[in-house]
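The chains carry the letters A, B, C, D, E, F, G and H, assigned in the order they are written, with residues numbered from 1 in each.
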Amino acid sequence: MSVSEMFINLQGVLTVDQDIREDIRKVVQTLEQTAREILTVLQGVHQGSGFQDIPKKCQKAREHFGTVRTQLASLKIKFPADQYYRFHEHWRFVLQRLVFLAAFVVYLETETLVTREAVTEILGIEAERERGFHLDIEDYLSGVLTLASELSRLAVNSVTAGDYSRPLRISAFINELDSGFRLLNLKNDSLRKRYDGLKYDVKKIEEVVYDLSIRGLNKEATDGAGGEK
Amino acid sequence: MSVSEMFINLQGVLTVDQDIREDIRKVVQTLEQTAREILTVLQGVHQGSGFQDIPKKCQKAREHFGTVRTQLASLKIKFPADQYYRFHEHWRFVLQRLVFLAAFVVYLETETLVTREAVTEILGIEAERERGFHLDIEDYLSGVLTLASELSRLAVNSVTAGDYSRPLRISAFINELDSGFRLLNLKNDSLRKRYDGLKYDVKKIEEVVYDLSIRGLNKEATDGAGGEK
Amino acid sequence: MSVSEMFINLQGVLTVDQDIREDIRKVVQTLEQTAREILTVLQGVHQGSGFQDIPKKCQKAREHFGTVRTQLASLKIKFPADQYYRFHEHWRFVLQRLVFLAAFVVYLETETLVTREAVTEILGIEAERERGFHLDIEDYLSGVLTLASELSRLAVNSVTAGDYSRPLRISAFINELDSGFRLLNLKNDSLRKRYDGLKYDVKKIEEVVYDLSIRGLNKEATDGAGGEK
Amino acid sequence: MSVSEMFINLQGVLTVDQDIREDIRKVVQTLEQTAREILTVLQGVHQGSGFQDIPKKCQKAREHFGTVRTQLASLKIKFPADQYYRFHEHWRFVLQRLVFLAAFVVYLETETLVTREAVTEILGIEAERERGFHLDIEDYLSGVLTLASELSRLAVNSVTAGDYSRPLRISAFINELDSGFRLLNLKNDSLRKRYDGLKYDVKKIEEVVYDLSIRGLNKEATDGAGGEK
Amino acid sequence: MSVSEMFINLQGVLTVDQDIREDIRKVVQTLEQTAREILTVLQGVHQGSGFQDIPKKCQKAREHFGTVRTQLASLKIKFPADQYYRFHEHWRFVLQRLVFLAAFVVYLETETLVTREAVTEILGIEAERERGFHLDIEDYLSGVLTLASELSRLAVNSVTAGDYSRPLRISAFINELDSGFRLLNLKNDSLRKRYDGLKYDVKKIEEVVYDLSIRGLNKEATDGAGGEK
Amino acid sequence: MSVSEMFINLQGVLTVDQDIREDIRKVVQTLEQTAREILTVLQGVHQGSGFQDIPKKCQKAREHFGTVRTQLASLKIKFPADQYYRFHEHWRFVLQRLVFLAAFVVYLETETLVTREAVTEILGIEAERERGFHLDIEDYLSGVLTLASELSRLAVNSVTAGDYSRPLRISAFINELDSGFRLLNLKNDSLRKRYDGLKYDVKKIEEVVYDLSIRGLNKEATDGAGGEK
Amino acid sequence: GHRREDKDSINSSSAVIMAFKSFQLELDTRHDKYERLVKLSRDITIESKRTIFLLHRITSAPSGEEILIESEAKLDVVRQKIKQVAQELMGEDMNQFHRAISPGLQEYVEAVSFQYFIKTRTLISLEEINKQLIFAAEDKEEEETKLPASDCLSKQSLTWSLKVTPVDYLLGVADLTGELMRMCINSVGNGDIDTPFELSQFLRQIYDGFSYIGNTGPYEVSKKLYTLKQSLAKVENACYTLKVRGSEIPKHMLADVFSTKTEIIEQEDGLS
Amino acid sequence: GHRREDKDSINSSSAVIMAFKSFQLELDTRHDKYERLVKLSRDITIESKRTIFLLHRITSAPSGEEILIESEAKLDVVRQKIKQVAQELMGEDMNQFHRAISPGLQEYVEAVSFQYFIKTRTLISLEEINKQLIFAAEDKEEEETKLPASDCLSKQSLTWSLKVTPVDYLLGVADLTGELMRMCINSVGNGDIDTPFELSQFLRQIYDGFSYIGNTGPYEVSKKLYTLKQSLAKVENACYTLKVRGSEIPKHMLADVFSTKTEIIEQEDGLS
């Protein structure tokens, strides 16, 4: 085989690779668009008026997740299944975003932490790496950290909207998360850095609870909460 | 499952990952050591006296490649086969180096470009991605570019050693390589950058050939070359 | 001695150094693990229910410090005693963390500032540099600053838990710390930067005390405190 | 002991440390001044006219090294002997510079590589770490790499000055150095980076030798060299 | 003049410059020390018991300003009088600190804003740039901003100490300052950044006043205030 | 129009913009492919055997320029005609490359510098900005500089191929170019940097001419040249 | 040098040299224009910034109306500078000089949208901004200086205009949020409890808008998202504080509080 | 906001407010001056750069003398700008505005020292440079506009001057070496074999000077050492090549070579 024949072959391989990347990029763009739309829906909960419609907003977000599933289904056939990590960087960011959005919906609905398995179900992907397009554990954790920071914001806005019980529940939830993360031995990487931010969320919510406590509003909250929930 | 149980599970996964990386790092270090030894053997060809022993040096290098094969065999069982690209960064650099060394040996032996398949044979790894631990095409190309730059140095030193025909042959070889690379459509990445260096190697060799020509030494070379080859 | 013999000798020295670092890194990892466990134990004091069990939590933390002592004992024999500062960076961070944890325990037990000597005793290391593996003064101070920030958080959570006297005591303690630090002439380095954060802790606690005062809750606190203390 | 007493004590320790650093800085400044003067003397060899006076220049440099010894003697008593690595950063740079200068002088005098022991003798410091103020191995290697790059410049200027034999000897010397460094397993740090630069020095000198060879000037050089040396 | 003579001259100029800077740095360190001592004196006003002794504390601070004047007198002769801005950075920070301290004393004494002229008198420096070592307007303003933030803290602590009238007076004072600062067009520099902080001081005091108002404590305050002043 | 409507509109604008860029990128890729093909055709002239076929190679290159014209025609309709400089970066590089290739063909054909107008004709674009898709002057100049560097290489290879007159003609040509470029006042940008390279091309050719001169080969050349052209 | 004369022989009137002489002229003209635009952009930036400072004085001034009028005058001055920019760009491709003028235009967007918000409590649109950047020749002289240069132009062309790009608009609006945050904190400090809630509503809309755009815009826009989020958090926290502290107020005191406050301040004024 | 009136009551003629009004004036004046100086600095930079380009044309021009005269005229224009800077800085502490004018002054040092080297083959001293930056009032008008503003000044004060700082001088000279390197390569390309050796000698002196200063100067100076070393290496390599190729020339051909060269080029000129 001459050198030029060799290189023609090699170019063939490179072309396949470039086409795959191009295809992935396109699907990822549509995923990002859907993610942004879900975000816009869910950001409504921070508005004073948004507190009544939480179920409706979750409902709407869930519908968008239907689209996400279709788009992810389309993504996973764009490349050979065993090359997940070869192209990982392309969808990593949007997948973290989607984990956050799914976790946010689940939290708003049930005030629990979505499990990794549950997220994969919502996204229509595999729970186990061996079975195909799955969710990398670090991406799952990254999405969960984003949830913590969103909830600390929600605690603040809940008070503004006159809901004094929600911050108490958020506080308990985030404390649990914090304990969970303390069980992990994270490398010195971006996830570790993001985790360092969690303590600010914890502190912020503790201060909200404090503000309510000192004014006796937490009692008001728990008194009423019984009925509300 | 409680949050803390969830995180204990997650930590289990993280630990496995960290252990794998640690194992890989260790094998890669031994590979780097062997690569340095092969390099030392082959560097001898640049010295005046080294031109006679080329076959012997190649022979010795080939022996070291036996060690490489053992080490790579040990590397490939350190992680699940379908996660090649997850840990790719760890061995990428040393693999490119080994490709260069194999290509250098083959060039010295036969003055031809080693094929991707031949390299994988020398290294004892797979030619096809589907079959297991393989050689990424970009790593192959990167190693070949290192060869080009080594050969431009060899051309210079050949003249010093009084061998006026080798530069002419190297010139032809590198021109072929350059044409080959021009067939490729490279992305704007590190490979592209390294390819941009090739033109300096081409130019350097052309200047060596020019220096021989204007002094009539190229004729001397080809006259003798007939007999030599 | 030939150049190559010289370099073989040099490589011997380098190898020793690299092995030491590897060993140190491993012990430091176990220390980090223990530190995280102590932290988890002590974090409980921030929770409402945690205020009763402070002595028990301190007890438990003290037990973990036994492990720390063993691990540090193992660390100090990994390298020649007079090269403490050569490898300082490796354990610096975890040592600051452990100082903080020891200081936290001591504060919870006696509401006093742990001395440098006392910390070294808790950690099982030397108080004097001359005598071996010791505690760098800046690492001690850094740990103390972490304590200040933890206490400002504790003040907030005390109020939430209905303990109105603790913030007053914390306020007095931190004011003393602040005066202490004002006696120091710190360089423009990371310690100085961390010290600049102390004023926010001071301010935060003053605001907590203010909140109690304006609502007359501080009197309630000191009334009761008389009996409590 | 009250908190403020504790901090007064601590400030005492800090002051000692700061004074030591101030003292070290001052001596290091005088060392840098002497180093710059030695450099100015030695840079004369690059001037066309400077080739005759090499012995005189070396002589003059050697005198300056007397000053260096006095200054280093003054430096080593500025701090406790076992805290070498605590203050290492302060003199690291100038020590590397002095190693280079000593190695340059020795090369100009005898065309050999100065050993680590010989350097410490020239500088009047210890060869063994255990015995006191010594020379860190990485600082030695760093100085040697600077020599390589200075010699590649010297090779060029030798030709300009009409000395065709020196480049050949420099080439042999640097090749030996290069082989030596290839025996080392360097970490991915600044020394490794500087070592990567060595190959450019090797290449540069090979090209000089090539230029001489192709014009037959190397023969002229070695013919004459017999008499010259 | 030869090139080397020119550079020797230049090096001389640079050395002189460095010596000046070294001298300045030393004086500035003593100034920082004195500033820290004044601060320690004045910090007492934040403590409950400190409210009675304000005049005595101010007296003591004024004595320290005697030292400051001596130190500044020594500073101003360290460099050519017309090169104030050449070395400005060295004392800029401590001068801002001293302005703050002087302004704090004056405020505590008379509850008025110290004028720029008055500060220069307290510090024993010139009011006009043309006349010598003076006070840059931005440094004056920066010191004043520190005062505002200190006063907002004082307002909080006054309430804790049971003084309900002081916050109202501080409120009026800071409001006037705020109106003043709004007249300025600041560049995007550190002063602008510090000015942005003023809003938060104003806000904080507004909240204190509000807290007093809704509890009717402000009336109590103004009733008593007439007599107090 | 509500804020959210406004942002939806803006997002629409951005999407259109991105689509345009995507379209442009695709056409530019095809242009790069064609440019690479033309280059491959023309590279032949550097080979010994290539000197006879220059007219044929130029002919073949000219055919490829037909494709270029079609592709550029397709490019220019991808975006609003008056926004050339908005998307300039996308095609800047390939256009400079095409200018070089056109200039190379014209030089090989007539040994003259292609004018800016002539290049635009070859590329099928406008000469005047006002009339549409045109050639920016800096891109033209950049392409011309690439030509200079290619010709200095050609001069070297001409000698190797035994053509001693071409280097002399190239020398005159590049000298004129150099005189032209010296008239320009360039900013510190990439064009300036590339222009700095021209000096080395001039130097290289000067060296070739010198080499010919001292061997009397230039006379041989000019004697024969009359007949050849 | 003894060989210098060799190359002097190049004919200085050769076609190549003639061409390069024209290139010199073309490049110098372009660079000079760029430089003039950079200077204009700096002027625009400074005056816009000063307008923003002026507008922040509204809460403390006796009458907001006066300041609005003054700010309008200042913005008119800025627009005169932009007109000069537009004149420089007449017949040019504005994108070619975009980097020179972009910082100034962004700052102008910030200033003009801040003023607009204060007046209308809504976000000025890009179209509205661009409408104000159409300039007619103002006096005879301008018309005359223009006519000879391009006498084929119709009457209608006696205007210059400049279009702010969507991206510059977005970047200006992103910076606006910083000013709105400042205004919010100022308001709280001034005892104005309505404005903060209005501002938080408005800022949230802008934040949602930027989130919607996300990373589809250029990098500079995404880069501002973080600061924007910080500003929003500050405003939301301010509203939170207002709400929390408001929760303590006994309803019957509501009117009382403010009248008392006024008294105190008047009294203090008497003292100072 | 319904409580806005509260704070409006602050007396706008209070001492504090009056003081801040004067601060506003003072700061605005300072910033405006700074801005004018930045603009002047940009002008100085551009014109200095163009002077350098002009000087590089010497090797290819028919007569160096003409270009030297032209460059002198260009530098005079630059100095007029520097005079304006000096006028702005009259009675000010120049160091206060140093950052605004430093880039321009460095570029001027580069240009003037380049011209000086070409004329004298030596390095211009800082003193020499500063001597050229003492300006007298040039015409009646300038004298008059100056007099009323400061009529207490003596006749002698009718000059403005500006002193380049040693650091700016060093930074300018460091950049000069880049231009000298270009000149060296140009010379080789033009067949001038003396200039490169002169330049290498000169550059080595400057390099040795900078080595001697080492890191005792400010960071900006140390930072340029690397580039300086690169430039020196390029010049030394050029000299090396000249020497090596010169070694091949048969002694008897020496005269022959250059005359032949000239012939060829003349011939070529006829063709083009």
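Note that in this section contacts are C-beta pairs under 8 Å (C-beta built on N, C-alpha and C of every residue); 3 or more make two chains touch, one makes a residue touch a chain.
What you are looking at is a predicted structure, and each value in this text was computed from that prediction instead of being measured.
Q: Please identify each chain that touches chain E as well as chain H.
A: Of all the chains present, those in contact with both chain E and chain H are G.
Q: Between chain C and chain E, two copies of one chain sequence, what rotation angle (nearest 5 degrees) aligns their Cα atoms?
A: C-alpha superposition angle, chain C on chain E: 90 degrees.
Q: Nearest whole angstrom, what separates the Cα centre of chain B from the Cα centre of chain D?
A: Going by mean C-alpha positions, chain B sits 34 Å from chain D.
Q: So, what's the distance in Å between the C-alpha centres of chain G and chain F?
A: Centre separation, chain F to chain G: 41 Å.
Q: When the C-alpha atoms of chain A and chain F are each averaged to a single point, how far apart are the two points in Å?
A: Inter-chain centre distance comes to 50 Å.
Q: Can you work out the whole-Å distance between the CA centroids of chain B and chain E?
A: Roughly 66 Å separates the two chain centres.
Q: What parts of chain C, by residue number, touch at least two of the other chains?
A: As it turns out, chain C has residues touching two or more other chains at 179, 183, 185.
Q: For chain H, jot down the residues that touch at least 2 other chains.
A: Answer for chain H, listing residues that touch two or more other chains: 7, 10, 12, 14, 31, 60, 190-191, 208, 212, 216, 248, 261, 265, 269, 272.
Q: Going by the touch definition at the top, which pairs of chains touch each other?
A: Those chain pairs satisfying the definition are A-B, A-C, A-G, B-D, B-F, C-D, C-E, D-H, E-G, E-H, F-G, F-H, G-H.
Q: Would you pull the chain F residues touching chain B in the complex into a rising list?
A: Residue list for chain F touching chain B: 29, 32-33, 36, 39-40, 43, 46-47, 153, 156-157, 159-160, 162, 208, 211-212, 215, 217.
Q: For the complex, which residues does chain H have touching chain D?
A: 200-201, 204, 207-208, 211-212, 214-216, 233, 236-237, 239-240, 243-244, 247-248
Q: Show which residues of chain F lie in contact with chain G when the two form their complex.
A: My answer: residues 1-4, 6-8, 10-11, 13-15, 18, 82-86, 88, 113, 115-116, 129-130, 137-138, 141, 175-177, 179-181, 183-187.
Q: Write out the stretch or stretches of chain G touching chain E in their complex.
A: Contact set of chain G toward chain E: 49-50, 53, 56-57, 60, 182, 185-186, 188-191, 238, 241, 245, 248-250, 253, 257, 260-261, 263-265, 267-269, 271-272.
Q: Taking the complex as given, what residues does chain A use to touch chain C?
A: Checking each residue of chain A against chain C gives 175, 178-179, 182-183, 185, 203, 206-207, 209-210, 213-214, 218.
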